[in-house]
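Some notes on the structure that comes next.
By written order: A, B, C and D. Residues from 1 in each chain.
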């Protein structure tokens, strides 16, 4: 039995496998099928200060080995989350990571403040990379100064582990990792989805009502692995890697590329009960290779 | 308490070049299934197609002792995944997650149950009819298809004591035209004092027409909607339907708050994206 | 029978379907299996001035609905190409587009000059986007001034249609389309491959000898379609779209998004005889929709 | 003149839990196939896996009149695609592109032909043996496997008059150890005036050992290499092997300049990437 624990700032995860934001509801939806407390963590659906409707359906479309989504961050807002979901997550023993959204720097700060005052939040994942909404998110995530500004502003209002989530839709993700590090982040997570679109050739209309959506799933994995590796070369911060992870092998690939922990999104839609085998598989691999702690595998790619 | 089962195909009856009934060994799903619930099915191993597809649980399969051993799906081929299920062969492994979603609530006597099915929309009614029969609720199935060849399992329903009202688009069986025509006449003919609950599943325009009739005649009515679903578990927020709730209209996840909805609560103008 | 012809600067293609560079050898390799003259065009493997060895194998690795390649632009050099391949391509009636590489602006110009003096070259596709080589290519393609400089320099030495091939590995491909337009390009083509990597978790080594490679194939299609659409909004130039095209439907999707012509790469490896059906399928679609000329479908997405 | 044929599976004989012989209806491929050529096979419809896989043409299947109607593959499961081919069932459609590559050139008497096969490396030798038998060339098959259970089709070769020399890693059949051991003894025992041409296919270390013996004993030798191949047609430059050519060593595409190479020309140190 290897040591699977992972440190993300002051937070210790039981193991490196986290449910990705937007792909696991508020976590509670899965409690009937999965022991959600056994996960390294659960990153809940992105939250603004107030409730949001999200985009009109259709909101997803399947693509080769992937999918597009334009959910538009439908959500119950941070106050209802703290009231209605957090107590139950706490009761279940879930390591809860809250994905924080905002239209302005003030909103990011305010949402984070509310969460910092609540009980049971393990970390803040700053969503500055959602490709599906006009205001907020990506406008910060695609600019180095925007990233720096929002991360350092939020840094001032919380002592919770702060994890900006980076977009892959930039020339050089590593520079955004550095900007995050400079601004005081405790870790970074990447990748969010790739901006993409699909058109129905019979109607000549976009398949998503929102026109564009974010590409996720196994299709993007090789690009995500590359970006994690590049960020690993650029910063010392813990990295939470994701993008197309569906099997233990995929998890290990990200860890070897430089991820301290990983998130699983799209694959959870297909195999919602994959978690136990995945965590167990990491343990088996480490034992088989005589590696005592998962932390010892991080970034250990050889040339 | 959904389970994910690597179900083996134990039968595949091709009814027409478009429709088949696929039988799956899935005891854990069968055991807990309630009328109108669905399963998320991985139509092929591997990544193509990537996502599961939602299917109503058509029949509960039982062994000689009556114990639930599996389920069947009434499948209509409309694309990649449904074609794979049409072609499935005995022994193929098909991952099957369920049972999922809010079931129909079968009404009790003296109320009557009127089921309205369009095409593959018949699927959720076999289990509902059994539940109604068990309660002694008298029932009618209004069943519309494109033609005589596209109507299935009628004797199953009549065997449970249901009255059948058939329509076809081409008039090859029953009345020619929409299934909502005889329904409308029946509603008009029925005294307001005699309670009726309606259940509808089929193409969106059909369900909407039923909902309109339900409103006109003030009859409680439930529809089973079929939006695109990414996960079936409430994880992705892809399957939302706009419904009226206290305080306004909201997008709610039809995989966990549906697929069965009170027809009066559905904001029909906001419905998009299904293939019906 | 609709009009399938397409104009790329002064060059008229019979139809919009071109074999993508690096995915069809020098065209002649396929002459035994395919009527290569029936294609809209053949973009031959990237050529430097001199012969190049390319990278040590393994050079490809399969990924979900895609593949990585790090061929490293193995090639016979422009002189041998003109001597040994071009006459036969001309004889077969192939519309030949030459993919031009360079380590320096001078080399791009020199290769282009040689090709401009030869007989039978239909257009120059400027490869400023190969992710697999250190010198040249991507160093121009990832910088707006680099793109502008190389395109305008080559523009001065040739009157052949000049088509810079853009990389998807940037934040805003449309700005590169504009830089190309400003520099005097006749058209642009996109996308080249996405920089990506894959690691063998048992050996902990990269699966490609070159560490990184370019992701191509159906996996990337939704991102490529998005980029073509963005470029269509940004420039008036003809656009040659590509990335994951495998079926007629995919071709039509790119055209509706804004591509005047398309290229097919990876799918040719899987179905090398796909061409006739694909071209025929465009014709059938246009007839079925009552569209007289394929040019009338370009960019006709509705909202 | 390769053709791409949607071949139907017409037989699948599972020899061991690892090896099977898959028979495909592919007349256009069978008709033009020469010994040592290969086909590119789409192991499943759809995009997973995406690329085709290269396989030697094992047997040419003929109808009662002797007309070529198909081919068989000797398949060893090592990953996704080969597992799919192991599980294939009659009627499955498997796209099959070929014949591809440079064939073996069968040597004429008085020279002898010595074939050296390791494991699944037996595949290209069935057709070569037939061509050699037709020329009256006397032949020996040095055939090494892990154990007795991993040796196949011996009677096919003896039936054509080939002498068999068997080795197994575990000694369960023939001599225990490497197939190159008896080969080395035979080379040493044979007078230099008696010509021999060697043909080898198997794990890279085995082929390399054969090439070393060939150099020591100055015997013309051909090896059939198995690098990763993306297209099989010369389109992608993925399959390169470093060989000595006038003017130095070069990466050449093994799908069109091979898979059969003069063993003396191969730069063995540069070989990587196959699974053998």
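We adopt the following convention: a residue touches a chain if its C-beta (ideal position, glycine included) is under 8 Å from a C-beta of that chain, and two chains touch if they have at least 3 such contacts.
Remember, it's a predicted structure, so these values are computed and weren't measured experimentally.
Student: When you check each chain against chain B and chain C, which touch both of them?
Tutor: A, D
Student: More C-beta pairs touching across which pair, A-D or C-D?
Tutor: If we tally the contacting C-beta pairs, C-D comes out ahead.
Student: Looking at C-alpha means, what's the farthest chain from chain D?
Tutor: Most remote chain from chain D, centroid-wise, comes out as B.
Student: How many angstrom lie between the CA centroids of chain A and chain D, rounded to a whole number?
Tutor: The computed centroid separation for chain A versus chain D comes out at 48 Å.
Student: At what distance in angstrom does the C-alpha mean of chain D lie from that of chain B?
Tutor: Once rounded, the distance between the two centres reads 54 Å.
Student: When the centre of a chain is set as the mean of its C-alpha atoms, what distance in Å lies between chain A and chain C?
Tutor: Spacing between the chain centres: roughly 34 Å.
Student: Could you tell me which residues belong to chain A and also touch two or more other chains?
Tutor: Correct list: 64-66, 217-218.
Student: Considering chain D alone, which of its residues make contact with at least two other chains?
Tutor: In chain D, 47-49 touch at least two other chains.
Student: Chains as vertices, touching pairs as edges: which of line, ring, star, complete or other describes this one?
Tutor: Graph shape, chains as nodes and touching pairs as edges: complete.
Student: Which chain C residues qualify as touching chain D in the complex?
Tutor: Touching chain D from chain C are residues 22-25, 29-30, 32-33, 45, 53-54, 56-60, 62, 64-67, 69, 71, 74, 209, 217-218, 266, 268-273.
Student: Within the complex, which stretch of chain D touches chain A?
Tutor: Listed in rising order, the residues of chain D that touch chain A are 47-48.
Student: Could you pull out which chain A residues touch chain C in their complex?
Tutor: Against chain C, chain A makes touches at 63-66, 68, 142, 169-171, 194-199, 201, 203-206, 211-213, 215, 217-223, 225-226, 229, 244, 249, 252-253, 256-257, 285, 300-303.
Student: If we count contacts the way the header does, which residues on chain D are in touch with chain B in the complex?
Tutor: Residue positions touching the partner: 44, 46-49, 89.
Student: Can you name the residues of chain B that touch chain A in the complex?
Tutor: Answer in residue numbers: 1-4, 42, 47-52, 95, 97, 227-228, 230-231, 233-241, 250-251, 256, 270, 272-273.
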